[in-house]
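Consider the two complexes below, in which subunit A is the common component and subunit B and subunit C are the respective partners.
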Partner chain A sequence: MKLTSFQKKMFALTVLLGILSTMQFRAVNSGYKYMSIKEMYANSIELESQNAELVQLRAKADSLKVKIDEFQKARTDVSIDYENVLQLEIENTKKVAGLTNVEGPGIVIIVTDGTRELYENERPDVVTVHDIDIRAMVDDLRNAGAEAISINDQRVIFNKSEIQCTGPTIKINDQVFAVPFVIKAIGDRKYLESAINEPGSFSESLRKWGVFVEVNTSINVSIPAYEGTMENQYAIQ
Partner chain B sequence: MIIAILGIILGIFIGLYIPFEFATISSLYISVGILAAIDSILGALRSSFEDKFDSVIFVTGFVVNAVLAIALSYLGDKLGVPIYYAAIFVFGTRLFNNIGSIRHYSIDRFRAKSREKHK
Partner chain C sequence: MKTDKIWIGVACVILGVFIAFQMKFIQGTYLDGSTPTQKTTEILNEMATVKAEKKALIEEVENLEKQLEAIQGSASEESAIVKNLTDELNKFKAFSGRTKVAGQGILVTIDNPPTDGSYGLELNIAYDYKLILELLNELNSAGAEAISINEQRVINSTEVRLAGSQMNVNTIPISPPFIIKGIGNSKTMDGALNMRFGIIESIRDRGYYVEVKPVENIEVPAFNGTYKFKYANTVK
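Take a look at the complex of A and B:
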């Protein structure tokens, strides 16, 4: 059979088309995807953050494994007093939650209304202590690493204590207090003191407005336990 | 026609067993090249129907079209402008035009043949 020039060219081109299409098919279906450089950059950042998260999760898993080992040992090993281990854990949890009396080095802050003369037409609000002032100071103390905080011997715990304005008084843990407020905090004394005295802190503004704020460090501050009830109504395990 | 089908089948087999694979990044250029190939095949079919087939024009047309299309898409990729749309658009339009003319010629031929039979 003699092929014409047209048929030869046609054959060559169709073979080329077949090869190209098949290889393209293979490339597209090999699980890879065409991607621009921008997308690659975004994906590489995503990959990095995912890897960092993975490392963190691995570390967490390791620490949990250690804990599981501990518990396993406590369960099988007779020589280990597992009751004691659990007891320690319960005590620790209670301490963190604020259900025990605690003692330690810390600071005592006294906050009371200012006694300066008011300017003309100035509202007395400016020199009185408000709930928001107390709240801001408590937040400052927490940020400075306070491990336990009380106001007028009412323990401030993290999700139950309210600090609420009730006219000239402030309600803390459902009890109403008037000035002066004595805020006690246990923690690193230097950090806590500087959290109140530092320039730019909320207490500095208070002092500028005329509210009386005094900070004393103490070797031993005692803070009572939270006395209210703690029961979750909605958040169930 | 049989030659074309045979060619495609042979090409598919070669493509399946070739131990070489395109990088994913070049798949855009390959797709443009495939379009150029289809365009040339259909153009050749059409010109053969019109008895105007010229092998030099055919080969140069295929090579230049494919190279130009690939170069344009490369440039567009570097500039962030999807210029390969132009190649796809032009090839696509020509593809349909060519198919249309091929259809016209084949139907005309078929009708002429059947008329001869009836006579």
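Take a look at the complex of A and C:
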């Protein structure tokens, strides 16, 4: 039997179709999934965040292991006073919780309302200090690695200190303050100073609007302990 | 006939050059030299391993914490002083956010609006992280006792920071949707956030998606990081 050229072509095409559909079938079956570039981007961000959490968790596990060893040793070894170890741990925890007076190198920031003349139709809001300004500065300082922060000698504790506008004054730790605000922070002086002075920081825009912001570094800044309530009514462990 | 063939040849060459350009561009920039399907599988596989490892680590951390508690518990059975001290330690630990807590509270979900191809600018809540800061502050004002953002507990050192197109919280990059949990009086917090011209309204006005839900029981995780002081010294 002799094949015509049309039949030959059809044969070749059918074979090609067979190969292609097999490949497609295998690709679908092999677990490959289709993702758009956007989804892929979202996934790689997610991956990055998960990896960062892993690092965090590993560090926590390691520190817990060290602590367990320490307490185990204190329990079994008669030469170590268990109470002392416990006492030391309490001191550390209090320090982390912001319940001790601390001192160290850091910066002192003075923020107060601007004194420049207002332009025509300009609202006075622009040159006055607001609660959001103070909050953003505190956030900038935290990001620069501040270990302790106080505003007008009120220790800033994240879960208890609200910084709230109450008209002409700002409430910090349920105490009312007016300008000037003196923010103190302990940490690396260079980092902290540049967090306030750097272009693009919140204080930069404050200065541009006319609010007075002054930063001084200091070898020794002392920051008082948080003195408010510690009672929890709703949170149960 | 002959010129036609030459033209087709020229077109083929141009097409070939373009395809080569396209391949080179795709390989060089987006996918580090692998095809989209390969990259996808790679990402998904890595994600699976990372998630499994995270789960294992969380379990390990919980076990270690139990061990530590057992040691401290057995020690406090022996003397009243030690028991008092241990109780005190646990109180401060809870205060500094190093324990898991649960109670009635509020659940706030913030997400970017669905992207509309016809619009030029894309909204990203991470760029407006000051709104998140304000939201946290409103929660604190309304008496929140424990707050977390995407499972990151908010503590004294917690920063909320724009980093690239993401937001860093406790130095962990997180991306929308942001799920903010707060424990406290759910009615007060709900009312404070939903106040007229309040924070939820201003977030919504910017075009983001926000949902506030008071809940009977919500769990806020412990702070998972480590905290070391390098500069601050305790003053007696």
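Here, the second predicted complex is superposed on the first by the 171 of 237 C-alpha atoms of A that agree within 3 Å, B and C clash if a C-alpha of one lies under 4 Å from a C-alpha of the other, contacts with A are read in each partner's own complex, and residues count from 1 in each chain.
One rule holds in what follows: a residue touches a chain if its C-beta (ideal position, glycine included) is under 8 Å from a C-beta of that chain, and two chains touch if they have at least 3 such contacts.
The structure displayed is predicted, hence computed values, not measured ones.
Trainee: Check the residue A:81 against both partner chains and state whether it touches subunit B (first), subunit C (second), both, or neither.
Mentor: neither
Trainee: Does the superposition put A:22 against subunit B (first), subunit C (second), both, or neither?
Mentor: first
Trainee: Report for A:13: first if it touches subunit B alone, second if subunit C alone, otherwise both or neither.
Mentor: first
Trainee: Which of the two partners, first being subunit B and second being subunit C, lies in contact with A:90: first, second, both, or neither?
Mentor: After superposition on chain A, A:90 lies in contact with subunit C alone.
Trainee: Considering only the touch criterion stated at the top, classify A:5 as touching first (subunit B), second (subunit C), both, or neither.
Mentor: After superposition on chain A, A:5 lies in contact with subunit B alone.
Trainee: In the superposed model, does subunit B or subunit C contact more residues of subunit A?
Mentor: For subunit A, the partner with the higher number of touched residues is C.
Trainee: Both subunit B and subunit C touch subunit A; at which residues?
Mentor: Overlap of subunit B and subunit C footprints on subunit A: residues 27, 32-35.
Trainee: Touching residues of subunit A toward subunit B in the complex: what are they?
Mentor: So the residues of subunit A touching subunit B come out as 3, 5-7, 9-28, 30, 32-36.
Trainee: Can you list the residues on subunit B that touch subunit A in the complex?
Mentor: 3-16, 18, 20-28, 30-31, 33-34, 37-38, 40-41, 44-45, 48, 53, 55, 58-59, 62, 77
Trainee: Give the list of subunit A residues in touch with subunit C in this complex.
Mentor: It is residues 27, 31-35, 37, 40, 42-54, 56-61, 63-65, 67-68, 71-72, 75, 82-83, 86-87, 89-91, 93-106, 131-132, 135-136, 139, 142-143, 146-148, 156-164, 186-188, 222-223, 230, 232-237 of subunit A that touch subunit C.
Trainee: Note which residues of subunit C are touching subunit A in the complex, please.
Mentor: My answer: residues 30, 36-41, 43-44, 46-47, 50-51, 53-54, 57-58, 60-61, 64-65, 67-68, 71-72, 74-75, 81-82, 85-86, 88-89, 91-105, 130, 133-134, 137, 140-141, 144-147, 154-161, 165-166, 168, 170-175, 183-185, 220, 224-227, 229-236.
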